[in-house]
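Naming follows writing order (A, B, C and D), and every chain is counted from residue 1.
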Amino acid sequence: MSSVNAITGKDSLPTIANVKVGELATGQALTAPLFSFIGEDSAAPSVYIQANVHGAEVQGNAVIHQLMTLLKDYTVLGDIHCVPLANPLGINQKSGEFTLGRFDPITGVNWNREYYDHGIDIAQWFNEHQHLADKELFSAFRHHLLNSCQQRLLNPWGISTGHRLAVTLQHMAHDADIVLDLHTGPKSAKHLYCPEYDAESATFFSIPFSLIIPNEFGGAMDEAAFYPWWQLTEFASTQGRNFDVPVAAFTLELASQERIDMADAKTDALGILAYLSHRGVIKESVSPAKMKRWGCYLKDYKKFHAPKAGLVEYCAKPGEPLAAGETLVTLLRLEQYGSDEAMTSVSLPIDCVPVLHFASASVHQGTELYKVMTNVFSIS
Amino acid sequence: MSSVNAITGKDSLPTIANVKVGELATGQALTAPLFSFIGEDSAAPSVYIQANVHGAEVQGNAVIHQLMTLLKDYTVLGDIHCVPLANPLGINQKSGEFTLGRFDPITGVNWNREYYDHGIDIAQWFNEHQHLADKELFSAFRHHLLNSCQQRLLNPWGISTGHRLAVTLQHMAHDADIVLDLHTGPKSAKHLYCPEYDAESATFFSIPFSLIIPNEFGGAMDEAAFYPWWQLTEFASTQGRNFDVPVAAFTLELASQERIDMADAKTDALGILAYLSHRGVIKESVSPAKMKRWGCYLKDYKKFHAPKAGLVEYCAKPGEPLAAGETLVTLLRLEQYGSDEAMTSVSLPIDCVPVLHFASASVHQGTELYKVMTNVFSIS
Amino acid sequence: MSSVNAITGKDSLPTIANVKVGELATGQALTAPLFSFIGEDSAAPSVYIQANVHGAEVQGNAVIHQLMTLLKDYTVLGDIHCVPLANPLGINQKSGEFTLGRFDPITGVNWNREYYDHGIDIAQWFNEHQHLADKELFSAFRHHLLNSCQQRLLNPWGISTGHRLAVTLQHMAHDADIVLDLHTGPKSAKHLYCPEYDAESATFFSIPFSLIIPNEFGGAMDEAAFYPWWQLTEFASTQGRNFDVPVAAFTLELASQERIDMADAKTDALGILAYLSHRGVIKESVSPAKMKRWGCYLKDYKKFHAPKAGLVEYCAKPGEPLAAGETLVTLLRLEQYGSDEAMTSVSLPIDCVPVLHFASASVHQGTELYKVMTNVFSIS
Amino acid sequence: MSSVNAITGKDSLPTIANVKVGELATGQALTAPLFSFIGEDSAAPSVYIQANVHGAEVQGNAVIHQLMTLLKDYTVLGDIHCVPLANPLGINQKSGEFTLGRFDPITGVNWNREYYDHGIDIAQWFNEHQHLADKELFSAFRHHLLNSCQQRLLNPWGISTGHRLAVTLQHMAHDADIVLDLHTGPKSAKHLYCPEYDAESATFFSIPFSLIIPNEFGGAMDEAAFYPWWQLTEFASTQGRNFDVPVAAFTLELASQERIDMADAKTDALGILAYLSHRGVIKESVSPAKMKRWGCYLKDYKKFHAPKAGLVEYCAKPGEPLAAGETLVTLLRLEQYGSDEAMTSVSLPIDCVPVLHFASASVHQGTELYKVMTNVFSIS
């Protein structure tokens, strides 16, 4: 982290710094901007928000812009750190007219599966630290996580480009009590990844669909942020010591990639503000948007792969319920014109809510066409 | 061309053949399907329609599908040859979630700039053939063009992948009196490329915007098809012999890439049918759609390049007039948050109709953001 | 699998079939050729060899060509099935002047990490089948694996493009007793991946370096082939029943990608022949090449990532020992000309044998520069 | 251009500046380093050297490094400006394990075909300025070229990313009397592009093969630099005024892309030094390397495209004469094993010197396999 320059002259503007996340072949530093609001109350939870780890998923930057602008009119109690444009290599990687957004173009590794599994022996750590009071226990655990990231970055054999980016971001995230990772789907309705232990938080954001995910680590930022704390909480409870999971982390999927919509960004910034208000990060009360919200367990979130290749008319609109047997896509196979195979309607055997679909209108056999929620339930 | 199999059992179904346009590294043939309707009247004009030479521009295939289906109910007088999926290498070339559509991934050459310039010495050719009557003259000229393509394909030093594709398609096009090349823009309103000498034809298609292009050759299919005939016509007129340009060729840009819309495809198929009806290719009369149509000379069709890099909210909608000074795009520069540069509104100094814009919401400095028509006039 | 056509007229030529492994967006089938030699002795082990699952790793095809040609002069006892050009989508996927070889261009998933983990409950399976004699036990287990692949391919939600390819190949592999997967490194010395339980087999191939890998499954073909059998063998031994692991599987890394060398391919074909002779697949005796061979445990196989970005002169030659402190690469940072950082020599703190290095001469920070063997030992 | 910082403490070190050539989507400036030696004699010719405009062609950077280091021991009379890493966007654009080197990944345009055609009405310009003495005439013409570049960069409709880069570099080049553009081939012998009027200069560089190119403009840097001056010289001579073409410009192709070789870079730096010595840019005499040198006219420089697809063993070594009928490549078609088509030897009907070949070992039909010189002649 380098060159912290306070933006002066206005009360509620954040300071800005540049975080170095890597180096390009030409030697130029890869940097991401870090905006920091210093809260008035050190007891209030601190927040880390990042956007655009997947290169094409730009809308989160607009949301951060709108959130920072809204914050001018609120009293910030907890520290808030925002890192828009978090993956400069990914954002700048164009291929044809689009952004090669999801994976490192050299290795193929998904930018959001590179976070570090600390591999903590939680039993041993807890045994060594259980004499500490809760606040000190959490502080020691946080210190452990931060230190583990630093050691990882100093590995004498080096670490990969994507892992360096991820661990650098993760280090900042571990310093916060609330972590929000702003993504989008390809062509998508808004949806939230929310850990099981924290499902009620899904009612604050301006997001109609929530995926309730297991308390596990699969490589993504939200999991990297909450999972060690969930482990700690679980183990402590087996030892007869009970506290809430001290860290909350969510992935917000803010509609479609390759799209900037400033008005919609304000809607989502207000949703985030409602959650932060609920958590006491800002002083003022902000009510969550009144809207219907639905949930689905991750095990009921289904990928549907193209049963055959062809051109695709996406008939089912993301976010709108689709009854069993209704057309999901029309598949066109021009070379079979004159036969029944030239145009086929594809449907699913069960009711669902399609949440997102593939971005291109032509697909190889096996392309993931849709992700759909099944066994959807209302959350209030 | 191989394996011609008539699709039997219905009256008005086309025959189908496969056209070989190249070979993949693994040895598999690159083929495109060719559908042929044989007309009842050999004096009626013949037609060649192709789609999807740019890999991501798939909607033309849907239009061909709808056109062939509509033709079941009409009497076909002139031969009609349709080649959907004309560029199998381009269509199958995915990069990330999109199709790497516009250029050969190896050489970078635009697939629609590879057509062959025959380099005819038109004066010499005319002098040698001017004794022929019009019909024979045209036949001899067509033979010359076809033969020139064949010779090109047999070049002992080989020809490039893209050039082989283009010349193979061009050979089929030269055999027709009417050539339609179906494309799309990135995010685009429908528009037509129409040569100056044939501007009145723009009133038949279901397309609101027409670019009137000079009678020149720049490497594209439409130009490759009409330009030699325009040269012949022009030269003959200088020799005191007058006839209409015997070949008509147009590029139809059917809205946005990466999109299949079967209902909209029917609209455009009907527009093509109206033109074919006007030209006597089908027996029945089909009226063009009643709609406002506007024109613009190519010299007044302006590209606007991003004056600086950033995230882009495309505010101006393709096809809707934009007054001088109205916002074209909002450019977001998050790293400059706190300054006036963080969010800037970009406008143009003159009235225009934005026709298309770039597909991605983040741009390097210099990316072509919009193409806009200026000095737009009504065509009836 | 389709259209089996025996190549007739010569005694020892294989039959050929085409295996369908997917479909391209244009509708064309993705196929790989399958060459089959039918052995004279049904008791002899059967063999499955594939090449070019990573698109740029073409040399294995040349090795298969030479092997099939050599086999004309030998008596084939066990069935031998060869699938060169196994990944047509990967092989045909060019990006610039090279092949985008290692991962699906849409999803980023490594083509060689898509094989299926059957997730067998080995205890239950063994308990249900332990009454069978060895031969029947193995046959039942093989049947289980084959059936599991078939079920996977029929998943009603579809399966991904890469997984379909992998499971289709895996199904063929499970039918064999010996599985050889032919790969290459980027710029690489020849090396073999050899499971711990089968380390002695490393002395037959014409390959100087062997990585001794744990008996585990990480998604690659060799592991997919041997791991279930190793599980079975291990569990049976805990139940007091002992047999050798019935299936052998290896990955051969045949020097560098983007390279065809027919003479060198013959050398490697002879090495494979020596192993097949040892195993009784051919009747005649073929001696392994006399050469020094070295081994290294996978845990001692180290990746070295670029500590900083820059231009790279690869000083250490793959396959040649490098002492601690000797120059591995020279890193050039032109923009720092005039300082000590402009040209730096990078070395490792321990003795090693560099086995492969990155293909490009400019690297971002974190690029995997070299893989090196440490704690190398002689195998005879 | 920004932040000029003299590197102090040594006599003969250049000053360094950063040239801004564009902006990335994230807002970061695209910059290239500019190293400047200020000569002692303002009457001596000035020099502009750039490298790495094609992203994968890195060796020119190493040559600039070695040249700048060698210059410590020479007396610099004319100004020398060096821009290594000239195309940061291209250099940093990785696709898989290689650099997507030749064209803009968004537009497909070759980075070395983006230079500006000033479209000067040379007759008018000369008529307006012919009263000037030679030195003033050249100064006015240079001023015209520089101003034309500046106007181009200020185009109110913006200019494309690649054109901005090119014109920014071209502006620096127009300020010099000698322009060297350092490139490489794919897999290549060293060769020089040398304009016809300046053919004797080919004997100074350490380069065995020279292409004698017409005095024309096709979009490349060397042509952009010399062609306006050649036009001026030609037109003046038609008006009875004679002078030598005042500007010399060459493209040096320094062997293969994706390769850094510091020792070989020194060889080429010495060749450049020999030319600069000959031109009086340095005080001391440096003799050109004694070596055989051959020439070929561009019209005799032939591209050979793959007559069919397949795997390729490149049998002919760049730089070594190949007699008519000798094997150029072996083409492997595994799927045709058992037929004569499985392995074919391809040769040319005439003697030639292969200069470069394609980088990948698998090719689609039509891939440019080799460029070969025919009608080669000795130059002394």
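Observations
Note that a contact is a pair of C-beta atoms (placed from the backbone, for glycine too) under 8 Å apart; a residue touches a chain by one contact, two chains touch by 3 or more.
Just so we're clear, the structure is a prediction, and the values are computed from it rather than from any experiment.
The minimum number of touch steps separating chain A from chain C is 1.
Between the chain pairs B-D and B-C, more C-beta pairs are in contact across B-D. Distances between chain centres, each the mean of the C-alpha atoms, put D farthest from chain A. In whole angstrom, the spacing between the mean C-alpha positions of chain B and chain C is 46. Once the centre of each chain is set as its mean CA position, chain C and chain D turn out to be 42 Å apart. Separation between the centroids of chain B and chain D, computed from CA atoms only, is 36 Å.
Counting partners per residue, chain B has 24-27, 85, 91-92, 94-97, 99, 102, 106, 311, 334-335, 362, 364 as the residues that reach two or more other chains. In the complex of the two chains, the chain C residues touching chain B come out as 24-28, 31, 85, 88, 91-97, 99, 105-106. Listed in rising order, the residues of chain B touching chain D in the complex are 22-27, 30, 89, 102-104, 106-110, 156-164, 302-311, 333-336, 349, 362-369. Remark: chain A residues 7, 10, 13-14, 16, 33, 35, 55-56, 58, 61-62, 64-65, 68, 84-85, 91-92, 94-102, 186, 258-262, 311-314, 330, 332, 334-335, 337-339, 342-343, 358-362, 364 touch chain B in the complex.
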